[in-house]
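The following pair of complexes shares a single chain, chain A, combined with chain B in the former and chain C in the latter.
Up next, the complex of A and B:
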């Protein structure tokens, strides 16, 4: 079984006592404990301003257990990318920010799209999934 | 004051993939000033397969600033120590399903915090499941 593990440590001193949360999960196929995600794509790209682009164009099999990691590697903190799914705004990743979500490619419109602001943003992403509809040539 | 989040991903799917290890300090939009507000850490027990608001943006005690640098962390911690990888909770934003958190899964994502963009949770079944979550944001 392929094994993909995602761990996070979150700390904050905003509260009266320091908060520290650690979590780790093994990324499994949908609804099973026996089989891990076994396919992935990984990329690093320059994202120019001006248009919205599909980062993931809803090709992984719908309603499965895909996991998407996305980081804005821009070093200018005023740069950001706006992230949407199916035209619904999720939020903005400023330079240095990352996100990790269980992306739900529920139908052909469920694309993950990104738009650069401030200048050309440098993006790193990884999608772990369990199946993709390949496009024939 | 600082809030930080570190992610580590390891995988043996692709030969040669060296993994991912990245940290971020949660800052306000467009500068290096630390983010300054949080909902605090919360848990929510769900026992029905109907949609609920995990965060209702218009009802926060401190109004979050819209469309800036907010983040939310959510984790499915199962129920009474039992983490069921077969049962998921769909997390949504303004009725758009973002993805399903199976037992033990976690997510961290940016938010708009505008009033329409509530964070919703919809369990796949009526089996009891608990979500823990914390939101960080800028005060309006």
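Up next, the complex of A and C:
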């Protein structure tokens, strides 16, 4: 069994007392604590402004677990990518921002698409999953 | 100016032939500026008692549409410890209440949202505890 751990730490001095929130999870297959996600896709892209692209062309199998990490490496804070799943907006990443979602690929159309805005965005992504439905050529 | 940061670390020693060690930090700022965000809901812990979307009560509202200016950052964690006790997050603004994320026991997520949609959560088991926080710029 592969063991992949994802941890987050949020810190801030917004409040009267310093805030530090941490969480960690081992990325498991759906419905189990005994078997970790054992497949991964990783990519780094230059995405020109305007068009929408499927970030994940092969749809992860529905009802199975998937975790998606996505970061906009653009250094211009006015650049952003819009993120949609199944044509529904789920997030917007400006330069420097990242997201991590336990994705709900609940049907065949539930893949992830991104659209660049402002200029050529530099995108890094990693998908951890337990199986994909490959697209026929 | 307040400084708020979010750091993610993804690691594995046996998923790939070589060790996986991915870590990055972002500073949460007002949209298109380098100025730090100023507002947060604070950390919330609530019990979800609804096992379906669209029922009268029991879902937990994580974020109300347009409560914050774009971009609000949502942190969520499923506090259940039993595998299969899932939390489903759905978009309560869009027709059909499309599902957005599903969190199995122990899962967490961090999402820079558009900010114009209401997010609610239901769970497979009643009750299931959830922890969440929104950070951004109130309006």
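Basically, the second predicted complex is superposed on the first by the 132 of 137 C-alpha atoms of A that agree within 3 Å, B and C clash if a C-alpha of one lies under 4 Å from a C-alpha of the other, contacts with A are read in each partner's own complex, and residues count from 1 in each chain.
Here, contacts are C-beta pairs under 8 Å (C-beta built on N, C-alpha and C of every residue); 3 or more make two chains touch, one makes a residue touch a chain.
Since the structure is predicted, the reported quantities are computational estimates derived from the model, not experimental observations.
Undergrad: Following the overlay on chain A, give me a clash-or-fit verdict for chain B and chain C.
TA: By the criteria stated at the top, chain C and chain B clash after superposition.
Undergrad: Looking at the overlay, what does A:32 touch: chain B (first), chain C (second), both, or neither?
TA: Both chain B and chain C are touched by A:32.
Undergrad: Which of the two partners, first being chain B and second being chain C, lies in contact with A:90: first, second, both, or neither?
TA: Once the two structures are laid over each other on A, A:90 reaches both partners.
Undergrad: Which holds for A:9: it touches chain B only (first), chain C only (second), both, or neither?
TA: A:9 contacts both chain B and chain C.
Undergrad: Considering only touches as defined above, state whether A:101 meets chain B (first), chain C (second), both or neither.
TA: Once the two structures are laid over each other on A, A:101 reaches both partners.
Undergrad: Under the contact rule defined above, give the chain A residues that sit at the interface with chain B and also at the interface with chain C.
TA: 2-15, 19, 21, 23, 25-26, 28, 30-33, 37-38, 40, 65, 69, 71, 77-78, 85-86, 88-94, 96-104, 106, 126, 128
Undergrad: Quick check on the complex: what are the chain C residues that touch chain A?
TA: Contacts found on chain C: 2-16, 20, 22, 24, 26-29, 31-34, 37-40, 42-43, 70-71, 75, 77, 83-84, 88, 91, 94, 98-114, 117, 133, 135.
Undergrad: Spell out the residues on chain A that touch chain B in their complex, using ranges where they run on.
TA: 2-15, 19, 21, 23, 25-28, 30-33, 37-40, 42, 63, 65-66, 69, 71, 77-78, 80, 83, 85-86, 88-94, 96-104, 106, 126, 128
Undergrad: Can you tell me which positions in chain B touch chain A when the two form their complex?
TA: 1-14, 17, 20, 22, 24-27, 29-32, 35-38, 40-41, 67-71, 73, 75, 85-88, 90-91, 93-94, 96-102, 104-112, 114, 117, 134, 136
Undergrad: Please give the residue numbers of chain A that touch chain C in the complex, ascending.
TA: The contact residues of chain A facing chain C are 2-15, 19, 21, 23, 25-26, 28, 30-33, 36-38, 40, 65, 67, 69, 71, 77-78, 82, 85-86, 88-94, 96-104, 106, 126, 128.
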